[in-house]
């Protein structure tokens, strides 16, 4: 009763605000959520647009294509930019807490997805920065089974956070090692073999210890090759260390993420277990 | 009694059909199964033929050999093709459900193992496609201890399926990373260092992050080398992530695949255990 | 009472010794410990100085920079050296057991952090040896949460020590393998393909088995490429062995390092558990 | 009493045989065992001789050294060969079951450690084959703590044997993959990019999938680079599979190799436990 009275009392301007509210709600559901037909359609179209816009940046950078299709790519780029600008402001308009969206990870990525094109009017070379649009592709997880990804992502994140200290120690040891060996190689090999400076030698040491091995610089003297061999074997061997660290933490995080029995708190074998395998407590019917 | 009567009543045409049936059965046992002498002999001969036909494709591609033995290789290729064609139609003839065989993985592989040779009469360059015969070699598992391989294959497949979500997340992160860093390198290094376009730079980033490191393109500027070093260390470090994922899932799949005690369902230490190590239940005599 | 009497009886010379003692104590707290404001400030300043001195060595090695800023870098280098010398003698002065400090790992590193600069007055080329200062950066762990790093470092060290035997066996097998295959490649490929001697071929084999692959030497003959392919697949496959070893030991060391229940000695799930999950013993209030 | 009588009855020839027996026993203890002073001394001298003989082969292969020291190295090589020949026949003479020694792994290695030098009198180029002496270095494990190495070696061997089936499946998949992709690259890239034949393309595919990446051949066309990128990512990802396999089996083999409680057969935490941690059974005093 009260509700009807309230509606009856509203003026035209109030009605307009309400219509506005309904519009905002509609836009919100389409843009931010993906549980309706329209929302899913919007997400797919957006992903296709992002992919096309990244592709056009790629093609523009290829010399032969740029020469022939410069005009077309240029126009396309502006169409994408305007669409993304409109989408950005619609997101701000529709969201409940605009500031929170603007300063969220996705908000910032959405902004720098179209800013570079405008900047390219004033500065040269900034147009390639629109490639940060690639980050927008991470939205794809929203369309796919979200919960499963969140769950798996949590395990990954937990394992990585738990092994942070060990990895920092590992990385500092590696950095110290490549600094020392890089300098030694600079002294041993000298500028004639391509080791033109200590930073260059350290770059070579990183290329070697990570087993990348470009071969643009490589030791020529027997002593240098001996030292390089030692560095390679070290690099080949110590890859076991981060792998071991992450394996152990991943195994522990997986164990902890398992559903627990509410009675004896033993980790259940499967989330669909109806009885606890340990104490026989009935979890579900 | 009834059976004999039934046989006695059959006409000549019925007898022919029956003889036909027996032939089909015989062919089926020889071609599809490997538990008889004839079946095993057929499998081994087939594998040798496949290996020889692949070898002849390899040799044909070597310039000096092609010039001298073109005629021989050409004739051999047609002999293999005709044999495989005959085998294919025999398989269709002998199998209980021909359509099921035709559209199975092995059925399709068997077909495209001889089709390219016929196509090469009309089109140029298709003759090398017969190398898909390599897939036929997977039949080798049928000759070896089949059950053990099926069992192990199941564990592998289970572990890979269970880690699918994590691996998809991992791969999308890697792809996003190489896109961003590839573009940055294109801006930093430019076309003079071989980074002629963004796709080329992304190709370089993949070569680097996977620690392959051909060295056909490599950064020349200090800033580019610094970024490349970071990419290498990331690539070297994150290989721990898929390894950790697969290790954990493999360990879980192995645990689950173990024989269980029929009484208390504890995983047995060995399939040959006569008593359950947990509850003492007698499993075998 | 006694204490006051004792103090009252002291002569001027004794007072001087006491003042000296207080000074030593103060210096000790500032230099060796990091639990006071002054101590933390000293540690941070020291780390910055070490980083700057390493940077100046790096810059000196770059040809174009050396030519322009030779004078500046030279003066800076001497300032760093004198500061480190003063610090070294202060450490000796302040420490309770000077000899123990001098012959400790850090004592030796601190010494060879400034010795090369003095040596460079008499010998040419020794100035780059100051890069061993990089080892001094390991002090950074003292500023960060020390206990956690010590704890993690212990697990790492324990895992590596426990897998020492297995790793020695693994390395001796790898060394035997590269010796044999290196020699075979020298016989097969010969000097024309760059395999100029057996040590050079062994160097190539190490470059290959560790999957570094510079490409400065690579097999040219079909037989050599076949042998190289086998070596690569071996190298690619056996990296699993040290990884498996370290994973298992790391997992065991992590397990053993867990807090134990004082009553039933079961490994606790977390150090913050108040009750033992196994026997219910109350560990903390 | 009886013994003395027996000795008294022996003739001169019998005495000779006995003296011979004692000599054989002495030689056996020195050569085959390492629990006496003389035995250990013999083992160390032998290892040094093997190392020196390998070193001399290495040095002979270096052009500049061969020219100057040809005579010296040649004489040294013959000295080593004669010493190893004498040692080989002493081993046959001293061993209880000569045939078993001759056809054992070490017996064959010992033989081919000196045969090539004699062959080099008749054939050219065989002298480098003496490098198989490297295998003799595996005797080093006999001098070091033997039992521990045998124990660890057993765990490694057990883990590798248990994962044999999985590794065979893995390797056959990899071989099928490089065959298919190698052929595709031969069709796509052609002879101009260095992919001169299918075997050469397969060699390139192996170089790529194992992340070695020499760069002597590398794709030039966009399509080829795209296919190569896919191959790299596959190679980078699937290294997790053998690692996971070996980790799991290594963990299981370690678990099984633990000492068991004789009462309840629970795996003990340490071999030095005096009481079973599970049932309290007293294992040692």
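Quick notes
Chains here go by letter, A, B, C and D, matching the order in which they are written, and residues are numbered from 1 within each.
The rule we apply is simple: contacts are C-beta pairs under 8 Å (C-beta built on N, C-alpha and C of every residue); 3 or more make two chains touch, one makes a residue touch a chain.
Nothing here was measured: the structure is a model prediction, and the numbers come from that model.
For C-D, the matching interface among the pairs B-C, A-C or A-D, defined by over half of the contact pairs being the same residue numbers, is A-C. Superposition of chain A on chain B using C-alpha atoms only gives a rotation of 90 degrees, nearest 5. Chain centres computed from CA atoms place C at the largest separation from chain B.
Chain B and chain D touch with mostly distinct residues; of the residue numbers seen at this interface, under half occur in both copies.
Put simply, the C-alpha centre of chain B and that of chain D have 32 angstrom between them.
Centre-to-centre separation between chain B and chain C, using Cα means, comes to 46 Å.
Counting partner chains per residue, chain D shows two or more touched chains at residues 199, 211-215, 235, 239, 243, 245, 247, 251.
Residues 54, 57-58, 61-63, 125, 128-129, 131-132, 134-135, 137-138, 140-141, 148-149, 152-153, 155-156, 159, 167, 171, 174, 199-200, 203, 206-207, 209-216, 235, 239, 242-243, 245-247, 249-251, 254, 277 of chain D touch chain C in their complex.
On the chain C side of its complex with chain D, the touching residues are 165-166, 169-170, 172, 176, 179-180, 183, 186-187, 191, 196-199, 202, 208, 211-215, 218, 222, 225-226, 228-229, 232-233, 235-237, 239-241, 243-245, 247-248, 251-252, 265.
Every residue of chain C that touches chain B in the complex is listed here, in rising order: 211-215, 243, 247.
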